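Every chain is named by a letter (A, B, C and D) in the order it is written, and numbering of its residues begins at 1.
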Amino acid sequence: MPSYKLAARKYNAQDTVIEIPGPHNPVSIGAGYCTVIAGPCAVENHSDYIEIAQTLKSIGIHILRAGLYKPRTSPYSFKGLGGEGLKIVEEARQVTGLAVLTEVLDVRDIEDLYPHIDIFQIGSRNMQNFSLLEELGRTDKPVLLKRGLAATIEEWLLAAEYLLDRGNHKIILCERGIRTFEPYARNTVDIGAVPIIKHLSHLPILVDPSHATGRAEMVGPVAKAAVAAGADGLLVEVHQHPEAALSDGRQSLTPEQFRRLYAQIGKLAELEQRILQ
Amino acid sequence: MPSYKLAARKYNAQDTVIEIPGPHNPVSIGAGYCTVIAGPCAVENHSDYIEIAQTLKSIGIHILRAGLYKPRTSPYSFKGLGGEGLKIVEEARQVTGLAVLTEVLDVRDIEDLYPHIDIFQIGSRNMQNFSLLEELGRTDKPVLLKRGLAATIEEWLLAAEYLLDRGNHKIILCERGIRTFEPYARNTVDIGAVPIIKHLSHLPILVDPSHATGRAEMVGPVAKAAVAAGADGLLVEVHQHPEAALSDGRQSLTPEQFRRLYAQIGKLAELEQRILQ
Amino acid sequence: MPSYKLAARKYNAQDTVIEIPGPHNPVSIGAGYCTVIAGPCAVENHSDYIEIAQTLKSIGIHILRAGLYKPRTSPYSFKGLGGEGLKIVEEARQVTGLAVLTEVLDVRDIEDLYPHIDIFQIGSRNMQNFSLLEELGRTDKPVLLKRGLAATIEEWLLAAEYLLDRGNHKIILCERGIRTFEPYARNTVDIGAVPIIKHLSHLPILVDPSHATGRAEMVGPVAKAAVAAGADGLLVEVHQHPEAALSDGRQSLTPEQFRRLYAQIGKLAELEQRILQ
Amino acid sequence: MPSYKLAARKYNAQDTVIEIPGPHNPVSIGAGYCTVIAGPCAVENHSDYIEIAQTLKSIGIHILRAGLYKPRTSPYSFKGLGGEGLKIVEEARQVTGLAVLTEVLDVRDIEDLYPHIDIFQIGSRNMQNFSLLEELGRTDKPVLLKRGLAATIEEWLLAAEYLLDRGNHKIILCERGIRTFEPYARNTVDIGAVPIIKHLSHLPILVDPSHATGRAEMVGPVAKAAVAAGADGLLVEVHQHPEAALSDGRQSLTPEQFRRLYAQIGKLAELEQRILQ
């Protein structure tokens, strides 16, 4: 198997820092920063989404999760508002000035999403959806590439290579847990992936403790571990009423829990000489 | 997580048998049959493909592998002839009368492939590519759904449910090995998946010993194990010159090796009271 | 890591056949034979054990499971009769003439067991209990070495090497399922281990479909798969009243189910030109 | 399967703190402390061991690794000095006043080791060596119980239960990586195990980043992650000349690297309000 070139550390001795223009102000992901992206699993309705966006902005974040298309294991689960929710997202973006991150599942949706979102997300199930990788490789927007559930680090970097090879160099990796035999948490966070990626590649890496663990009580410890291990940031689910969430409530923090975690992350970021944002 | 309904054994007490019309004669997959689908990993050029198709027909098979779009871990590997190869496939189909199976990676290719192929394949990397599942769920052609590399049996049946729920009931499952810690073979064939699927579902199940093991010397024993365990058939790679194959040569049988295996499979099929085809 | 030498195929081009003297008549394990070892998970009491031994002998087997020391995940589970049961085992052995296989957990028990048993078993949890390997490597009795739950094939052969290196060359390997993410069955049978072991080593290999699957309804299909893949035999749990067994009843066949399976195994053994015993 | 009782959080709402008397002064493991146990993988010879013990004491540690019996995958690898090395360990202990931790592999060695060591270690391969668990459960010395390579957290707590049930309540758990499909590092550190154990049990938990990763360059980031996640301490390999170590040199830090890491750990411990020792 030919290996990755553009994703390799030797292609770029300096850590890549990605600047996201955002609706009002730019925000950076990479060396020197600890960037926390937060928000509910899915956009559920207008008022709740605008409210949580404002709350999270007040806590200090700069990038908002904006789940519109939800990949669901069962065809009978809530699949998100889809394109219908895009107006809500755009409003939240303009009202708060937060940049937004949205997962895209289908190449045919890229065009509609493009003007309204700041970072495209490729979810773990689509890490090797090569059509999607190639199409997003042709855009000029940053792409957050989640690790597949059973992807080796080499395969993950090769998936990033698909994007880089098409010309998009704004790639952010995101560890979100791998599948193992251990049944207690949803997945097993591969914390070692953080130093490994730093060693093998120049690309920034975030960690998503919410999807990885599936349990709100584990989010804090794992988030702190990720920052201490050198991750460039986090992806955290926050919901006003986790018990009433249409998806993944079990793993969502309340705004109050998130506020406390954000403060703790700030202290760790300081030890690592990173600017929290 | 809501579970599968249409894929469940209780939805259909009888084993589903899928009839594939084929270019000239129909062929069946399911109870009472042991159906062997064979061919090279990828269509590489006109003359080799027509030749191997004729050889395989002479050995006795009824369905031919027709790899046009190859999902490759690295962007720098050979990705198949794509649409360019479709004329070659159609010619092989007409000359031999064999039905053909083709993997589709992108929803935008379905329409072009539709008139020329007999079974669509969803590969393991796309088992949870829900757009692809939904689009193929709307066609009336049989779909072979490979198990994802780290998919549980429940997730696999839920992926089948996406197809069934959209109206396509001609679904064939295919076990192709799962990812484990054992490094010797490419993947670990989950032979227990055969009786489990028979217990939980009415859908037919094939086994692909070639992709699962990645080693030609293991293909025969694993193929025989699959049939003895009750699989409804096999997917086997055969290449005139495995050492010169553009992809996956390491796991391909020569026509002569395949001929011997096909005879052994015939004896096992007889013990299981299945018609080899 | 230095690798195995005495266990390697190149050390012995011929397949090793192990002759077990037995209380009355010898029985062989290895090339040319398909040897089925059967019996309850544990010896529970005198009358039931003598009865099942006689029933199994009448069905045709030559080697009996004789579980005295049961390794249990919880300290609060039934742990077997221990040394107390040895008289029952010896009686069953003399009455039926069947050879017996017993798992040993502690080096201090070897001496007491030695005169009364025909094959020592090292269970999967003890595959790397090096003290136990070394002590059993010094005896002259055959040893059945189960694969560890997460042992690679190389580690398994290196564990065999510990026994061989101490002078005991009567080693029988036994695949009993590996731990994977799939939750339906207790473990995942690595059917590919059979041809891999045949390729890398000269030692015989059995498969234990009962412990591997933990489900009686899967035992038959997996047992047949093992023999078709080239295994030298099986280890099968049989209990008069599975629902009342003190351990592992869920995976035990009734004598009647075993009788039917034994007949089917006979036909497969015949195809593989092996003598069923 | 009956579950653990004495290891459960509900048996003891307070976190257990274990006091190790030590040769001169006591040292604690548990709530309020961050205890770093360090030393070479194996005791190799007198002068090197005394030297590294003194160096590590000068850096600040209170407990020394004292590897005498090394469980090795291959019978042809260096297996440690065994009982021969005990005098060296006792001297290091007396000269430095450091407590020592030694892995025991065989129940027959416990008596000889008992007077000279402060903590017994049960290695990952022996987590379900029930004879060893029962014998160490009868002593009054603290036992560090490593998680098995493929042990679930429930199985690990049940192994602790064997020790507790025999009367030894001084049990320290140690996460040392689990086996997954990812080949880059030796094992995958399950960082989530730290908050899970804190949730399910009252027992202290350490993390061993050295054995878990097998790579010196990963030890620092993973060690920091462990402390940030709430671990009660670490087990770290340090060797004067890692490249010349008789075992596991690839993962050993030099004293200078360890000194820097120890300082960083100190800052993290402070954030977590734990006393570094």
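In the analysis below, a contact is a pair of C-beta atoms (placed from the backbone, for glycine too) under 8 Å apart; a residue touches a chain by one contact, two chains touch by 3 or more.
Note that the structure is predicted; figures quoted are calculated from it, not measured.
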Checklist outcome for this item: Looking at Cα centroids only, farthest away from chain D lies chain B
Checklist outcome for this item: Higher number of C-beta pairs in contact (B-C or A-B) found for B-C
Checklist entry - Using mean CA coordinates as chain centres, what's the chain A-chain C distance in Å? => result 49
Checklist outcome for this item: Distance in whole angstrom between the CA centres of chain A and chain B is 35
Checklist outcome for this item: Shared-interface residues of chain A (touching two or more other chains) are 150, 179-181, 183
Item to check | Footprint of chain A on chain D - complex, ascending | outcome: 150, 152-154, 178, 180-185, 188-196, 198-199, 212-213, 217-218, 220-222, 224-230, 264, 267-268, 271
Checklist entry - Any idea which chain C residues touch chain D in the complex? => result 1-4, 71-77, 105-108, 125-126, 128-131, 149-150, 155, 158, 161-162, 165, 179
Checklist entry - Which residues of chain A touch chain C in their complex? => result 179-181, 183
